[in-house]
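Same chain, two partners: subunit A is paired with subunit B first, then with subunit C.
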Partner chain A sequence: MTQGKLILSETGRMIFAAVIALAVALVIILLSSKTPLETFQTFLTGPLSSKRTVGTWIDDASKLALAGLAFSLVFQARQFALGVQGQVYIGGLLASTIALSPLGLSWISIPLGAIAAMLGGALLGFIPGYAKAKLNANEIVSSLMLNYIAYDFTAMMLRLYLASPKSGLTASDPFPPTAVYPAFIARTRMDLGLVLALVTVVVVWFLLYRTAWGLKLRLTGHNARFAAYSGIRSNFIMVSAMTVSGAIGGLLGALFVQGTGFAKLAAGFEAGLSFEGILIAIVARNRPLAIPFVALGYGYLRQGAALMGYRTDVPAEVIGIVQGIVILLVASSFTLPGRALLNRIMGGRSAAEAS
Partner chain B sequence: MELILNTVFSAAFVAAIIRTTTPILFASLGGLLSDLVGSLNVALEGMMLISCLTAVLVSAYAPWYVGVAAGMVAGGALGAVMALFHLRFKADVILVGFAINIIAAGGTVTALNLATGDKGTSIGRVLSAAIPELDLSFLDPIPVVGPVVTQMFSGHSYLTWLGAFMVFAIWYFLYRMPGGLRFRAVGEYPPAAEAAGISPNKLRTYGLIASGMLAGLGGAQLAMFNFVGFTRDMTNGRGFIALGAVLLGRRHPVGTAIAAVLFGAFEALSIALPGILPQIPGEVIHMIPFVVTVVALMLSSKRKLTA
Partner chain C sequence: MTLILEARGIDKTYPGGVHANQNIDLSVTAGTVHAVVGENGAGKSTLMKILFGVEQPNAGEILLDGKPIVLHSPRAAIAAGIGMVFQHFSLVPSFTVAENVVLGVEPRSGLKLDRKRAAETVQALAERFRLPVDVESPVERLPVGQQQRVEILKALYREARVLILDEPTAVLAPQEVVELFAAIRSLTEQGRTILFIAHKLPEVLEISDRISVMRAGKMVGEVAASEATEKSLARMMVGRDVALKVERAHKGPHEHFCRIAGLTVKNDRGLDAIKDMDLVLRTGEIVGIAAVEGNGQSELFDALGGLRPIEGGSVELGGIDVTDLSVEEKRDAGLAHIPEDRIATGSAGGATIAENIVATELGDTRFVRRGLLDGKAIRDHAVELIAKFSVRAPGPDAAIGTLSGGNMQKVVVARELSAKPRMLLVSHPTRGVDLGATEFIWQRLAEARDGGASILLTSADLSELLALADRMIVLYRGRIVAAFANTADLTPEVLGSYMLGFAAQGHEELKAALA
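What follows is the complex of A and B.
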């Protein structure tokens, strides 16, 4: 299949995913809202309703892109480490520690915070990888357990050391302005985080497709036994993929707390966004360059759902159902009803070729 | 320290362990069945959560046993959905499982809002029925051990006893019945099973449905006995801990049950600790079951995994 055809068919798949997502949302809204038309309109157009909501959409999309990148790296190595959430919390905690220290009074706290967060996240990504390579411990369970542990640990450090009494111990003092990402457009959340996310996209693409390490990683993911026979140390690849993925998760933590959205460490700041990276990675087929587009599209729906939750009688949690169904359908391989017919009309291309 | 030991070795603490173990036991037996036929069920968490809500909502209008049955059916239905997407549509089982978890987290809150008509995230005792306690106080007159036995084993949910029986029943099925042999054969080496005329996908479907029904029973126990009522995300990782119990229990029913009791014991400890040692931060106590799971997994795993 040529590059052009590939892009075309992948775009088709994404449009398919988007149509499914909208249809599911519409059905739920029709079933649950007293004013379904107004509700659906809020869901569809809400994110564009003001400069502020557009900014929040873009900011969400950069965070979703980072979460998606973190998942796609481990998925490409065919590992199911699901520890991004824990890495985000630890990354956020470390970045906050830097921002609230005397270093926070200088711009140096922005790069330092990101580095500290990445190191913390990398450590958290390394643990399940190492445990799997050396002890054969299942990475799914250990990474999920680490999520809960990291959440509790962050909550404890926040409550005991960083929280401000004014907030009822649920958040730290606001960071000094020097430790907060500069915003491009005033009073929106469009800030340095967007740049960091885009840079990470390019770095991950480069690592995966332009380095020997990336080739080995993809080979290991494709066929671990073949990779091992050809002399690739698949254990090293696996652990390093999880570690790099962890660093991205940690960076996402820094983006959360040092971004203009929070500019402080708050309890439960991540609010489940990390796991939505699974959807981003799946729909983008783990391809780094497709991830920003998927993140923008999904971020729009997510923001629409959040506004719907504020402004109408349908809860924002509806997005969870939409998300799950999209993952189910995109991860499945089946031919649409009607597709065979369409292909016959279009000149006998088989469905397998088209997909 | 003495205080802790006195608490841990008391009959009341044994009773607390039995109580906290029951939901995890059901879920881990469910995880065992699907893992044995070769599809790791990461959706136990979401299956339990949906069953919690189903059981609570149904029991508001029907007797408790109908609520429990509804929870079980909800779990089984989710198992069937997993089987459909995993086996028919060839989606990766981990992704399907996680999709179920995500749908469960968002769907339960949405459904709760629809059912109650407001944007709350919990419903309490008012609406839901509870599973009755099985009173064994007639054992009290037995000399010497009577009072202790009563304190440990009386007043538990009917489902606790069903759970204990299920450990035996599943062991009997797996190791003493031809169906169980086929089950294990499919998990061990599918081509051989297929050559012997067994359809792996059919057994995997049964495994996932049974897995969901057991997780559903665990959810019903959680929402109609351990806590009465539904709160968002009330399963709080129990489904994932159950998955850990399957791996720690070396994929054997008795081993899995022992692992479930171990995790139940640490959960019971985390409930009892704040009363004994108030100086330990609550977050540390809350972490205990998860730390124990990950450490136990690392220490025990020096072997080939199928996942």
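What follows is the complex of A and C.
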């Protein structure tokens, strides 16, 4: 299959997943809404209804893309580290510390915040990698445990040092404006975070496909035994992949707290978004250049569902079901029976494609 | 001379689009051994599966005793008196031989399996057809050759008149082949018919009455074994002349290059797979290792290649002690490795051909500078090797996993030889590779040898070892039990008796031969 054909068929697969997801959402809405057509319309067009909602969509998509990049990097090395959430919290905590310090009164707090967040995230990514390399500790377990530790540590630091009494100890004071990402369009959440996310896409793509490190990482992911046989130090690759992924997770933390959406450190600020990066990575098949598109598409559905939750009688939880269906569909296309099933469902269409 | 089984105009296209059988005719005479030969992928197994009801043809008909018959399933084939032994056995490892043989059609006393009667019946069957086997032993304790007998007994117990054997000799040591052939002869003497699939020609010529040749899904001819030669069959199989012969190394003052001393390697269960091995390889020679599967050769190659720890002893390459070096450092010292499993070890199936080729050269400034890949140089290098090794591939960016076995193996061989190794580990270089590519790979190995490389070679195919090696050693249970110069009088039978542990050279004799 040529590169072009591959992109076509992969795009087709994603569109197919989206169509199925929408169909499922429609069925749920039909079953549960008194005004199904309006509800469905809100779901479909809500994100475009105002400048503000567009901004929120784009901002969510940037964050989803970063989470997706962090996961895709470890997934490409066939490591199942799930520590992005913890990295986000630690990254957010460190960026907040800088923003709330005297440094926050200068624009320097923006790059410094990002760097501190990335270093913290990298450390958190490194730990499960090192534990696996040295102690053969399962990275799924250790990274998930680290998520708890990072979450609780952040909550504790917030309560002890950073929270403002006004917020009932659940959030810090707002950051000074100099420590908040500048917005491109006033009163929207479209800010510097978008640029950072796009830059990260390019950097990850470059690392994976243009450097020897990236090739080693991908070869290790394809076949670890082959990598060892070729003389690739796969332990080093594994640990470094998790570390770099951790840095991206940390950066996402800075994006959260220093972005216009929050501009402060709030308890539980990440609200589970990190784990949705798994879906983004899976649907994008861990391809960095596909990730922004998947993040935009999925971010749109997510935003539509949220608006539907506010504005109509159908709860936003519909998105959870849609999410599950998309994961099942895409993930099942990794297995042979799943592929056969998909082919059968898509039979007519792909035959038309071939001719 | 009555025909027992006929196929007429059989056509089979797999769902993936592979046209595996194209208008195949085949006539098998009762009481004969009829061989079907062809290169890997010629469609032999497909035809046999159709005759056994495992696959359904898209067109054509099957006649048994001159009457058309439809074989919906293996069950129907068995009922009609057709039996088949597949390349992969389907025995229950923990059951005894007798239990496996009667499984599904057990003699019963009431509701219970009549164990005694089962054992007696199977014993009688085994004696009648010269297939000696311990009927009370669990199948998992038997060597492969005997497991195969159990499969044959299974078919005979179900009263197969036509027995299909798909590449039965591929898994056997030479002595076991002799025994299998004895059993086949006793079967035909008692009126049974054997359909024998193979791609090794000498044994086909030895055992068959008639030989049908398939190539690329078509039946290209049928000859009497008495009128065929290896050469004529090879030409029919490949479609051109093939010379499966390589020149021996020139004798000369070759110096010692690789020195293995006191080497001990453990297997996955922590037991000694290689015990205290001493071996010296000279430059410009091929040393063949003959051993029945599981006698330590895999572990030896893994350990030398750096994929398995060395427990004791040392390995020197050109005076450098490489025992404890990393794979990367070993490769830098001139080591290359064509591994026994090109898919599990020798390639990353999802990566491109170019990426697979450059994988072992990521320290080379031709391809990587300051950590950055030189994409053009990498692709050019791959294109060059693809052309030089006539790999049939869409291009350097195709995933290596999409290539056929032979072409994938050529890529592995190309990569390993392109490093101009001084020491080359080669395991089963042509397993599952067709005749044309085999010839090609052999020639490249001989070239590397003439260029001064020391080559350690192992293969399940003794004729391959005998064709390539300058010296031969036999490994039995992790020890060298015999060593020979590979002269014309060294035969598979001689090697076989050492491989099966029936004989061992004395200490002095060994030492002299290894020096």
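What we mean here is this: the second predicted complex is superposed on the first by the 333 of 355 C-alpha atoms of A that agree within 3 Å, B and C clash if a C-alpha of one lies under 4 Å from a C-alpha of the other, contacts with A are read in each partner's own complex, and residues count from 1 in each chain.
Keep this in mind: contacts are C-beta pairs under 8 Å (C-beta built on N, C-alpha and C of every residue); 3 or more make two chains touch, one makes a residue touch a chain.
The structure displayed is predicted, hence computed values, not measured ones.
**Student:** Of the two partner chains, subunit B (first) and subunit C (second), which one does A:231 touch, if any: first, second, both, or neither?
**Tutor:** So A:231 only meets subunit C here.
**Student:** State whether A:216 touches subunit B only (first), subunit C only (second), both chains, or neither.
**Tutor:** After superposition on chain A, A:216 lies in contact with subunit C alone.
**Student:** With both structures superposed, pick whichever of subunit B and subunit C touches the larger number of subunit A residues.
**Tutor:** B
**Student:** Could you tell me if A:148 is touching subunit B, subunit C, both of them or neither one (first, second, both, neither)?
**Tutor:** first
**Student:** In the overlaid three-chain picture, which partner chain does A:205 touch, first (subunit B) or second (subunit C), both, or neither?
**Tutor:** neither
**Student:** Touch check for A:82: first (subunit B), second (subunit C), both, or neither?
**Tutor:** The first partner, subunit B, only.
**Student:** If you look only at subunit A, which of its residues touch subunit B in the complex?
**Tutor:** My answer: residues 28, 31-32, 80, 82, 131, 135-138, 140-142, 144-146, 148-149, 152-153, 155-156, 159-160, 272, 275, 278, 282, 314-315, 317-321, 323-325, 327-328, 331-334.
**Student:** Enumerate the contact residues on subunit B facing subunit A in the complex.
**Tutor:** Of all residues in subunit B, those touching subunit A are 40, 42, 85, 88-92, 94-96, 98-103, 105-107, 109-110, 113-114, 119, 237, 240-241, 243-244, 247, 281, 283-284, 286-287, 290-291, 293-294, 297-299, 301-305, 307.
**Student:** Note which residues of subunit C are touching subunit A in the complex, please.
**Tutor:** Of all residues in subunit C, those touching subunit A are 305-307, 326-328, 330-331, 337, 339, 344-351, 355, 358-360, 362-363, 368, 371-373, 375, 397.
**Student:** Which of the residues in subunit A come into contact with subunit C in the complex?
**Tutor:** Listed in rising order, the residues of subunit A that touch subunit C are 3, 210-213, 215-216, 218-219, 222-223, 225-233.
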